[in-house]
Every structure is written in structure tokens, then in C-alpha cells.
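Take this structure, written in C-alpha cells, and hold onto it; I'll ask about it next.
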Amino acid sequence: MLVNCCAYQNGKRIADIQKNEISDYIHRPDTFVWVALYEPSAEEIDEMAVQFSLHPLAVEDARHGHQRPKVEEWGDQLFAVVHVVEMAGAEINTGEVDIFVGPNFVLSVRRGTEVGFQAVRERAEREPELLKAGSGFVFYALIDNIVDRYFPVVDFLEGQLEKIEERIFKDGTSPRANIESLYDLKGHGMTLRHAVEPLIEAIHKLYGGRVPQVCVGTQAYFRDVYDHLLRVSQQLDGLRDMVVTAMSVNLAMITLEDNKVTKRLASYAALIAVPTLVAGIYGMNFKNMPELEWTYGYPMALVIMAVSDFWIFRRLRGAGWL
Amino acid sequence: MLVNCCAYQNGKRIADIQKNEISDYIHRPDTFVWVALYEPSAEEIDEMAVQFSLHPLAVEDARHGHQRPKVEEWGDQLFAVVHVVEMAGAEINTGEVDIFVGPNFVLSVRRGTEVGFQAVRERAEREPELLKAGSGFVFYALIDNIVDRYFPVVDFLEGQLEKIEERIFKDGTSPRANIESLYDLKGHGMTLRHAVEPLIEAIHKLYGGRVPQVCVGTQAYFRDVYDHLLRVSQQLDGLRDMVVTAMSVNLAMITLEDNKVTKRLASYAALIAVPTLVAGIYGMNFKNMPELEWTYGYPMALVIMAVSDFWIFRRLRGAGWL
Amino acid sequence: MLVNCCAYQNGKRIADIQKNEISDYIHRPDTFVWVALYEPSAEEIDEMAVQFSLHPLAVEDARHGHQRPKVEEWGDQLFAVVHVVEMAGAEINTGEVDIFVGPNFVLSVRRGTEVGFQAVRERAEREPELLKAGSGFVFYALIDNIVDRYFPVVDFLEGQLEKIEERIFKDGTSPRANIESLYDLKGHGMTLRHAVEPLIEAIHKLYGGRVPQVCVGTQAYFRDVYDHLLRVSQQLDGLRDMVVTAMSVNLAMITLEDNKVTKRLASYAALIAVPTLVAGIYGMNFKNMPELEWTYGYPMALVIMAVSDFWIFRRLRGAGWL
Amino acid sequence: MLVNCCAYQNGKRIADIQKNEISDYIHRPDTFVWVALYEPSAEEIDEMAVQFSLHPLAVEDARHGHQRPKVEEWGDQLFAVVHVVEMAGAEINTGEVDIFVGPNFVLSVRRGTEVGFQAVRERAEREPELLKAGSGFVFYALIDNIVDRYFPVVDFLEGQLEKIEERIFKDGTSPRANIESLYDLKGHGMTLRHAVEPLIEAIHKLYGGRVPQVCVGTQAYFRDVYDHLLRVSQQLDGLRDMVVTAMSVNLAMITLEDNKVTKRLASYAALIAVPTLVAGIYGMNFKNMPELEWTYGYPMALVIMAVSDFWIFRRLRGAGWL
Amino acid sequence: MLVNCCAYQNGKRIADIQKNEISDYIHRPDTFVWVALYEPSAEEIDEMAVQFSLHPLAVEDARHGHQRPKVEEWGDQLFAVVHVVEMAGAEINTGEVDIFVGPNFVLSVRRGTEVGFQAVRERAEREPELLKAGSGFVFYALIDNIVDRYFPVVDFLEGQLEKIEERIFKDGTSPRANIESLYDLKGHGMTLRHAVEPLIEAIHKLYGGRVPQVCVGTQAYFRDVYDHLLRVSQQLDGLRDMVVTAMSVNLAMITLEDNKVTKRLASYAALIAVPTLVAGIYGMNFKNMPELEWTYGYPMALVIMAVSDFWIFRRLRGAGWL
């Protein structure tokens, strides 16, 4: 689906154009065309491939999606794959954005994410001085927008971890639920990591060493994105480390619980077994058992049972078994 | 076994030839010979070694098989070892393909995999413009075909993991079966990893820095293969990480089960021991035990037993022990 | 909040100035202005951005805080983010200091830490020979001061670990408390690590290879800071390694405790069950049981019970079960 | 002990010589002397040091043995330390070979391995064309021979792992024996790893970049050795990974066994406790217990016991506890 | 404390001198002064700093001690920090040696180790040919001496590990003591690692690439030290790996022991419970129980108990539970 197709000259939008007008604009000086597609059909992509002379291998990637994050140079064009990982309410949503950039165009192909790049367009148009830098700045603004969506996700994950940590060290919670939550957390952390890690390397090449021509002049901006990515990465490192630790802590807590249960089992057994023994003794059939003849023999036996249980109970409670 | 032996000129097949005609063709301009062997005898390999002037050390590797993936330069020739890991129905099948490439020939030696490279030949012949690039393009097409077989395998493994994950967190499944499945998964992941990791480095050298002469002009294609390999590698990284985590989760579940069993054991013991104690008390032989004389003493005892068990049962159920 | 604003010439303080006088001083030769802000408002930062021509992207970072440690070059200026991790009594306190340095100014933005840099100012003013080197030396002195605060923290953490180690191997302590302490220790170690690790790389660039102009002449000092950071890092490595090990040791201790409890449970059970069996035997209703007729049958039964329990007790104690 | 001392010219053995004749031969053109020592005395080594002008530090290493694998350049000579790890029947045997190579000599010092290098000598003499390359080729042939001995070891270790894997997942085997075997396997893997890893780096320097003069012309052969070492290394990586996993699987199996034992314990307890309770009830001394008067009261009680046990047994079996 | 202060010329000791004579000697050609301090006061260090023009930052490190191992260049001087880890009887002793080296002097500052460097001095004086190389050779000899002390430590640690390994797999030893020993071993290994690892990198710079002037001519010797350090490092790697493995093996052994205890508990319970049931049956009060009337009813009951226990005992023993 074609979301948008506009021409910009010297940092200002000059026209909303039709697909077949693209070629009229991209050869004008200081002009570039910015096209946004949303889950396009193969035909729509092919059409754009012709308009912008995209490389067949890059087009193939854009058509299939499910690529890993990367930035590739094809002649004077760039082809970038960026994973979207964003909060959608209390859920984590994932998608992919493929971006083609040439000296005079930017083409974004968005999949699996409902939030589009209208905000990017508005921001860019509010800063015509920066937008003058051309398609490279739009390229930066798109990636920056996607990377900014990572922060709420990593904050959400850290929040989840904190909740689980509290539960782990609190009595009376289900260790099973903790394990499931930690396992989920681990999985989500990995999803974000797989979006972030390859992008770090890719963005690094856009501002250090030999810089692709379309990015010249916006290096400082890509360095800033790079820095944000490193921050997400570091938070993810910490998260992963603590999740692993929390898992082993949880296992220790479960084993501790096992100890506690065994102790309680032993305690209850003792509390029942001792009176049972007393009853057994007075159930013996010896002819000559004086207590059996006593008037208060029976209450005495019950008192013996109660007293010994009381004594056992106090000892076990004192030892923390009960 | 000789599967195929054809000569190509300017991207078109010009003849299906005999082994002894090879030398007639390989010296013609813009011509190359494409030979495919399947589990050849030592003699067949030696014959080819003579025809194409292969290096003895490379020939030795091809004769023995079981090499690690690599791409070696021998003068103006390349020798590549690639592991095949592919789905054969619901099973993972492994094999090895050794490829010799020179400016005017491609020789593939396939072992342990039933699916051959007919599809590669057909694809290449459908794209004469690309095939014009010569033996380097055929070399790419072969490797691309093998690498494409890795994706279904890694998808299969991820599917297996998801099935096990579901089972782990579901009651009433055998943790033992889960461990075995995870252990198998780990092993299969490693097999694929050992095919992929060394190949990443090897392919990298075919498009970056100094590129071997036979690959000049097809670098973009090898970069694409490289990118696919990185994708498999990243998926394998994630898989390995989650398998390790799932194993420790499974262990925690087993320990939890242990807790549950101990609790149930203690519960049943209590439910039997308390009435036994009551019975013991009324089995004592004291002369003076008024209850024994009561008309409804016996039913009263049974009621005491039932009531105390009912009370114990409710408490244990409430505590989640039963 | 503006804490301080002074001008220095040839290593000596020449004036405490107002914000609007800054521009009068920064263009004098051999003069620099040193400004210290504490949790400034956005407006205060913007004002300084104008005075010192700071880059918008760096200003944005300083305004938001919560950056990862780094040193960035913006033209002939440096922008540094340093995390403060310091002891505040027996608590670990964290904060952030952002530092802008130009050839003729130093601007520090401090957040979340009560201890300021008065000590740095005093030290610098006591060493006019070094202060003559200009803003680069002040930059060093600030970072050195923050890095010196890391040592008490890492010593505190090592002390905590030693206390926990003692407790782990001592009977009668709560393994649960040990786990919680170790988990906390792990978290604090990670906080410090995240402050230290990125700074190592950043500081390395201030004395090796191409050195930013403002740091020229003070490389030896930055190398010294670098060396201190490596020392903290190494201590943290060791700490992390031992914390992980201590956790698994603690788990082993818990499992050992489980063994002990099970053994004790079995012992007590045996001590009660054997007399119960004896009582059961003499509670049988056989007509012909000679012992029942004996005058001392009953005491004999009690003696049998006592002797067998004594024998069992001795064996269990000997085996270490009791 | 001197095993062998021969002179070679143009790839052919020209004489078996005495130690004191060495100096007569090593200055002839296209000639080199090949000396093999087996566990020599310090004097024998010193003698050779004089004959071949070996460097004192290298000689010291050769005298003491127990070096880590390495290849060092001393002027135009090379000094190599290679660990022998080889199968001796079903046992793993270790030794060390120190090799000195100069433009006109090869001196091997073998320790702790009974299999010598007669095979190397025979192979070399069968290939005079290669032997013409001089001492460098002999050097290669020696290392190649040692590296070829690693493969049976790693295959043996992989075979051991497979046997243990089978045992782990089979009922009725001793988990204790499995742990011991895995621990041994880990140790042996590490021995081989310590032989292989340092050698990889050392061999790499003999064919890539600046190549020592004595290895010039045989680089392709050293690259082949390098490739073999990488293969061993990869197999060892996989082995190590699987050993660690197998250990944790084994631990899970032990914990599972614990569950099973606890369940069985609980089952047997229930099967005995319920009839005991029934017997206790009919052992009560109430005056008015009609069943006691019944003619078939006793058999009825026994039937109640049997039926309840049968019912319990079926339930427990159904739940997999028995 | 000043231990020694001598002047050397052309490899020979020419005088034992006073502190204030140092300046007379260090400017003579081919002469150097060798000073050894033992736990000096701040004043003694300052005095030397003046005599040899040491850099303030290096002097500060030497005054405080507790630095990490390193070699720093200060102009034409070197400042080295080396950790001493040595056996003192059956204990591991740690200390630190700081070494300043200039073209015409060597100053060693020793702390926390009783064994000094008299042996180094004697060795150096026995080899005047090497000592002629000047202060660089003395520097090497000092470091070599310290590194040689690492080997007995690592051998001691490996010996400790072997003892623990034996104990782990032997019945009747305390797993608790094993854990403590392994934990200690881990800690000692880390101490040595922290001495060795940073030194490896530091020494590497003294013989490869650009070599500091005072080390020129002794590179081969520093390469030898480097090689020794790598050997220690590799042994420590192996040690660490095996300690971790031994810990998890020990945990598995503890869990196994738990199984055994539970089995034994169940066995004993069964051996007592079955006769108790029999006794209970014959304790029932049915009017019509023929066995009770039999003359040999009572012995028969005892025989039933004995036989069933014998049968249970044999089954349990057969199953390895007893």
C-alpha cells in the first residue's frame, strides 16, 4: 500500500506526487522523493525497483522480509533493514522496516507495525535547515525514530524483572510462575538483542571511516543513533545477566522450599507417631500392667501424649522446623 | 559416479561432453566446463585432477571427505568444502560437497545427500546473462543452493524448541522426554553451527578485500550468501541460548515436582496417621475408659476419625499440598 | 543551579564571574572559564549552550541525563558523560556528571550526587603549574576525582562478599539471606561495571593515538586514570566470578542441608517405629503368649524398647545421621 | 639416545653419519642433516647445541621439556615444541617433541612416546621430489605426523561421549559412573585442547604473512596442517559443549530419580499404612462393636484390607508412582 | 629499607655505594646503578625519585602499592609493577615488586615477600657477558625470577585439585569439605590469574613491535618470559575449567547421596511397617479368629514377620536400596 509519495526541494515539500511522476522529480537538482509503502505487494515493490533502479538482490530481500538488520551499499544507494520492536500497550510488537536510499530518493517499506512514520515526516518538515541535507537526513530520521522505540521496550523488560525479583524473595508466591516469567523475559530480551546488535555494527559504518556518500554531512546524527544503540545494548547485557542469576536464585529458593517441606513433614510425623507409640504401649496385653488398673490411668495416658507432643512441638518450632 | 559434464560458452550450454573431451573445451575462449560427481571413486577423482591440474593436497581432501567447511586458493583455482545440512522429510540429513573452481571449469563432488544440483543447473541456464560471468557464477549458485537448505533446518529446530517449551510448562508431561529432546536439539544445533560458522569467514573473503580472480564480478552475490549465513548464525545463537535456558528451567520444574511429591506424601501420611492414632487410643487396655462402655462409642470413634481427616484434608488442600 | 563560575589565567583564578560575563573572558589568551552546574533546569543548560557554542546533540544528552559513559568529540570541544558511583555512609549512591570541555572553558553538569567538586577546585588551585595546562587538566582532575570514588565502592563490595563467604560455610545461618545478599551484590557490581567498562575505552582515546587538542599535554594523566579504571575492572571481574561461584556453593550447601534433614527425619522415624512395633507385638491377642503371663513381662517389653532404641541411636549417631 | 643421524642431498639420503661428522656435511650445498634423539641426556643435547649453533634459551627449553606448544624463530633457525597426544591401545598417551630446524639440519627431540618417526623418514624418502625442498619439508612432515595422531584421539573421545549419552538416557545405569566418565572425558579433552590451540597460532605464522626462510616453498603444506588443526579444534569445541550439557542432563536425571524414589516410598508407605489403620480400628476395645461378633468379621476385615490396597495400588500404578 | 646499592660497569660490579654517591656514578659511560629497597618509607622513595628523576605519577604508584601489574614508559624510563605470588612452605604468599629502570639505573621496591632478589644479583654477576647489556638485562632477570615463582604455585594448586578430585569420587568423604576446598582453590587461582594476565600483555610490548630503548638487545629474553607466562596462563585456564566442573560434579554427588538416603529411609520404614501391620492384624478383637486359639499361633505370627522382612530385605538389597 502506498502511504505517501512527496517531492522535497531545498528542505521543503514541493508536491504530493503520483507514482508515475517520480521520474520527473528525481533528476531535478537539490530535489528528492520520499516514498512510504506499507506491506506492499510484490508488484508495488517491482514498480519502485524500476523507478529508482534498485539492485535485484536488495529488492529480493525487501520482497521476502524477515532479514537480519543490516545496511548494504549498492553503488551509490544504501539498503537498510531495521527491526521494529515496540510497545503496543502492555504487549511487545515486532515488525521490520526496509529502507532504500539514493542521492535523490528515500523509499521505506514497513511491515507488521501499525505505527507509521508520520511523526518523522512532521519532524523533518519542521526542521527545513536539516532537511536540506537531503535524503541522508531522512534516512537518519527514520532509523532514529525506530531506535527510540527500543527504549520503552527495554524499560518495560527491566520493570518486569524488578517485579519478578520482588516475587522471588517473597514467601507464598509461585516459583513456577516466576520461572515462566523469567523465561519469557529472556526470550523478549533476545528478540530486542537480535534487533540491536547487528544494527550497532551497521550504523557504525555510516559515520566512521569511509562514509557512504548519502550520509556525508549527517555523520554526527548517525553517531548519536549509534550511542543510543550502545545504551540499549548495555541495558540488555545487564538484563540478561540478571535474568540468568534470577533463574538460579529461583532454583535455590525452590530447593530451600523442599527443605522446609521435608522438615514440616518430619515434624508432623513426629507429632503423630509419639502418641501412637504411647497408645501402642497401653494396648499391650500383659497381665501385669499396673497403670491399666489405675482409676486415672486413661487420662494419665492422654496427658502423657499431650505433654510429649507439646514438648516436641516447642522443640521443632524452636528449631524452625514448624 | 559422473552425474553431468557439459560445456558452456557465453552463458549458454553448447554441448554435453565426454570426460576425455574436457581438454578440448577448456582452452576455448569464454568457455567453461561444468562437471558434477556423486560419491566418486578415487580413480574418478584422480582422472579429474589430471584434466583440471588440481593441487594434490586439495585432491587428497576431496578423496577423504569429512573436511571442515573452507575455501582455499590454489594458484588461480579455488577449492571449497561445504557441509550440506538439509531436511529429508522430518529428519535432518547431512552431507558434504567439495567444489573445485578454475577460470574455465567447475567440478562438484557431492557425498551423502540425495538431492543434487539439477535445480542449480536449470536456474543458471535460465539466466544466461548471469551465467556469462563464467565459472564464478556457477560456484556462487552452488553455494547459494546449499545455504538455502539451512533455513528449513533452523526453522525446524526452532519449531522443535517451541514444542518443547510448551510441554515444559504444561503439567503431566514427562520431564525426562523434555531433557532428551533438548539434548538432541542441542546436538543438531551444533551440527548446523559447525557447517555455518567456518563458512561465514570463508565466504567473507570472496567479496571483501582482495577477491580471488574467479569471483571478480560476482562479489555482490557472495555478499548476499554471507548475509544469509549471518542470519542462520544469529538464529542458531538464539536457539542455543534458549536451549540452555530451557534445560535449566526443566531442572527447576523437576525440583518443583519433587516438592509437590513430598507434600503429597506428607499429606497422605497425615490422613492415615491421625485415624491410626485414634484407633490406637481406643485400643488401649485401661480398665477405666468410659467411652468404651458407651453404646455409640464405636461410631463416635469413627466419626472422630472422619472429622479430623476432613479437617486435615481441607487444610492441606487449602495450602495447595493436595 | 549554578554552583560556581570562575575565570582562570595562567593557572591562577582571576575572578568569580557572572554568567553574562563569560563571553568577556573566554576570548582572552591563556584564559579559561570553569562553570559548575548542579541539577540545572533546561533553561540554564540552554544558556550555557549559547555561551559556549555547544553542539545541539550533546546539549540534548546533557538535558536528559541517563546516558552511558562516553567521551565524544564535537569539533574542538569534548563532551563526556561519567557515572558517579560512590559510598554514602554504608549505602551506594549513584549519579551522573556530564562535562563539556573546550579550549577555553569547562562546564560540569552534576546530577544525583551530593558530593560536589570543591575538592577538585582546591586541588587544582594548589597546583598552578599543572593548572596552567588549561581546561584539559581540569577535565582530567574532574574525571580522576570521580574514578577515585569507585575504589571505596569496590572495596565495600569485596568486604560484603567476604562476610557472605564466612556465613555460607558456617552452620546455622540462613541460606536464604545469603542468596539475597549475593543477588544484591551482583546487582551492585553490575552498576559499577556499567560505569567503568565504557569509560575505559573512552579514556583510552584521550592519551593514545590521535589525542583531542584539549588533552594534549596531559596524556600521562589520562593514562593514569585509565590504569585506575583497569584496576577497578579487574577487581570487578574477580568479584563477579566469585559471586557466581558463591551462589552455586550456596546451592550445594542447601542441598546438603536437605540431605541432613532427610537423614534426621529417617532417624527419628526409626526411633519411634521400632518401639511401636514391639508394642504392637505384645498387643496381639493370641491365647498362648507366655510373656504376657510373666510378672515382669511389661517391664521387660519396656526394656526391649529402650535397648533397641539405644542401639539404633548409637548406630545413627555413629553414621552421622543424628 | 641417538636414534638416527643421516645426511640428505637433493632429496636423497647420502649417508648414515656419526655425530662428529655432522659438521662435514652441513656446509655442503643442497645438503642437510637429519638427527633424531629419544629422551636424550643433557650432554647429548649440549653436543647438538654446539654442532648446530642452537640458541641457549631454546636449548634450555629442550633440556627441561614440559613446554607449551610453540614455534619460535632464533635467527635463521626455528625451534618448535609440539605435544604428542596419541592412542596407545585404548589408552591416551602423551609426550612432547621439540624440533630444531635450520637451513641445513633438522633435529628432533622426542619424549614420552614410544612411536617414533620412522614412518616420517620412510615417507620423505619415498618422495624425493618434495624432500628436495630441504629441511623445511622434513619439519612439515614431522608436525603433520604428530597432528595426524590427534584425530584418533578426538574420535575416541567422541566415541566415549556417545557411549555415555546412551547410558545417561537408559534406565538402570549408575549416574555416578556417568559423572566420573564425563569428568574424565572433560580432562582428556582439555589435554588435547592444550596441545592443539597454541599450535594453531604457531602454524599460522609458517604460511601466512612473512614466512620464515626455512618454510618458504612449503607454505601450502603448513596451511594443510593448519586446516587439520582447525578441524580438531572444532571437534573439541563441540565435544566440550556436549560434555557440559551431558553433565547437566545427568544431574537432571539424578533429580528425576529422586522424584521417582520419593514417589515409590510414598506408595509403599500407603500400601502398608491403610491396612494398618483397618487393623487398628478392629483392635479398638469398644464393648459395642457389632463386626467383632460376626462369624465372618475377621475375613471381612482382611478383605477390606486387600481391596483397599488393590484400589490404592491401581491408582498409584495409574499415576506412574509404582 | 635500603637492601643494596651497587654500581656496575661493563657487566662487573665496581662498587657498593652510598645513596648520595649515586649521582656520581650514573653519568659515567657503560655504568649503571642497581638499588634494592624493601618496604621503604615515603621519604626513601622520594629520595630515589630525585636521584633518578622519576615521574611523579609513577612515584605515587610506588608509594601506595596495590597496583595492577603493568609496564609503563615514562620518557626513556620504564616503570613496572609485578605481583609476587609464591609458595612459603605450604602457604601461598603474595607481595608486589615495583621496578624503575632507566638507561643507567635499576630500582626495585619490594613489599610483602620475604624472599628477596639476592639470587638474581648472584646470577647476573655470574654472567658478565649478559650483564654488559646493562640495566635492561637486570630488569629482565628480576621479572624472570618473579615469574619463576609462579610455577610452584600453579603446581601446588593442580596438586590440590587432584586431591579433591580423588575425594569427590570416594565414598565416605565430606562433600562440604570438598566445596570449601574448591572454593579456596578458585580464589587462589584467581589471585594468580590477576598477577599473570595483565603481565602477559605488558611483557609482550617489551620484545615485539617498537621496543623501549632499555630493552633493546634483550628482546629474546623477554620473549622467553612471555612464553613462561603463557604457560602459567594456560595451566590456570585448565585449572579454572576443572574447578568449575568439579564443583558441579560435587553437587551431583550430593544429590545422588540424597537419593541414597531417601532409599534407605524407605527401606527401613518398610522393614518396620510390615511386621507392625502383622501385629496389628493379630491385635484385632474379632471373636472368631482361629489363629488366636492355636497353640503355635504366636510363634507363627513372629515367623510371618521374620519371613516377610527377610523377603523385603533381599529385594531391597537386590535393588541396591540397602
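Letters A, B, C, D and E mark the chains as written, and numbering starts fresh at 1 in each.
The rule is simple: a contact is a pair of C-beta atoms (placed from the backbone, for glycine too) under 8 Å apart; a residue touches a chain by one contact, two chains touch by 3 or more.
For clarity, every value in this text was computed on a predicted model and none was experimentally measured.
Considering the contact criterion stated above, the chains in touch with subunit A and with subunit E alike are C.
The chains in contact with subunit A and with subunit C alike: there are none. It takes 70 degrees of rotation, in steps of 5, to superpose the Cα atoms of subunit B onto those of subunit D.
In summary, the pair subunit D and subunit E forms a contact in which the copies contribute largely different residue numbers, shared numbers making up under half of all those used.
Separating the CA-averaged centres of subunit A and subunit D is a span of 41 Å.
Spacing of subunit C relative to subunit E, judged by their CA centroids, is 25 angstrom.
The residues of subunit E that reach two or more other chains are 248, 251, 255, 258, 262, 265, 269, 273, 276, 280, 283-285, 289, listed in rising order.
Chain contacts here close into one cycle, and each chain has exactly two touching partners.
Order of chains round the ring, from subunit D towards subunit E, by the touch criterion defined above: D, E, C, A, B. Across the interface of their complex, subunit A is touched by residues 165, 169, 220-221, 223-224, 227, 230-231, 234, 238, 241-242, 245-246, 248-249, 251-253, 255-256, 258-259, 262-263, 265-266, 269-270, 273-274, 276-277, 280-281, 283-289 of subunit B. Of all residues in subunit C, only 55, 57, 67-68, 70, 72, 74, 175-176, 179-180, 183, 186-187, 190, 194, 198, 244, 247-248, 250-251, 254-255, 257-258, 261-262, 264-265, 268-269, 272-273, 275-276, 279-280, 282-285, 289, 291-298, 301-302, 305 touch subunit A in the complex they form.
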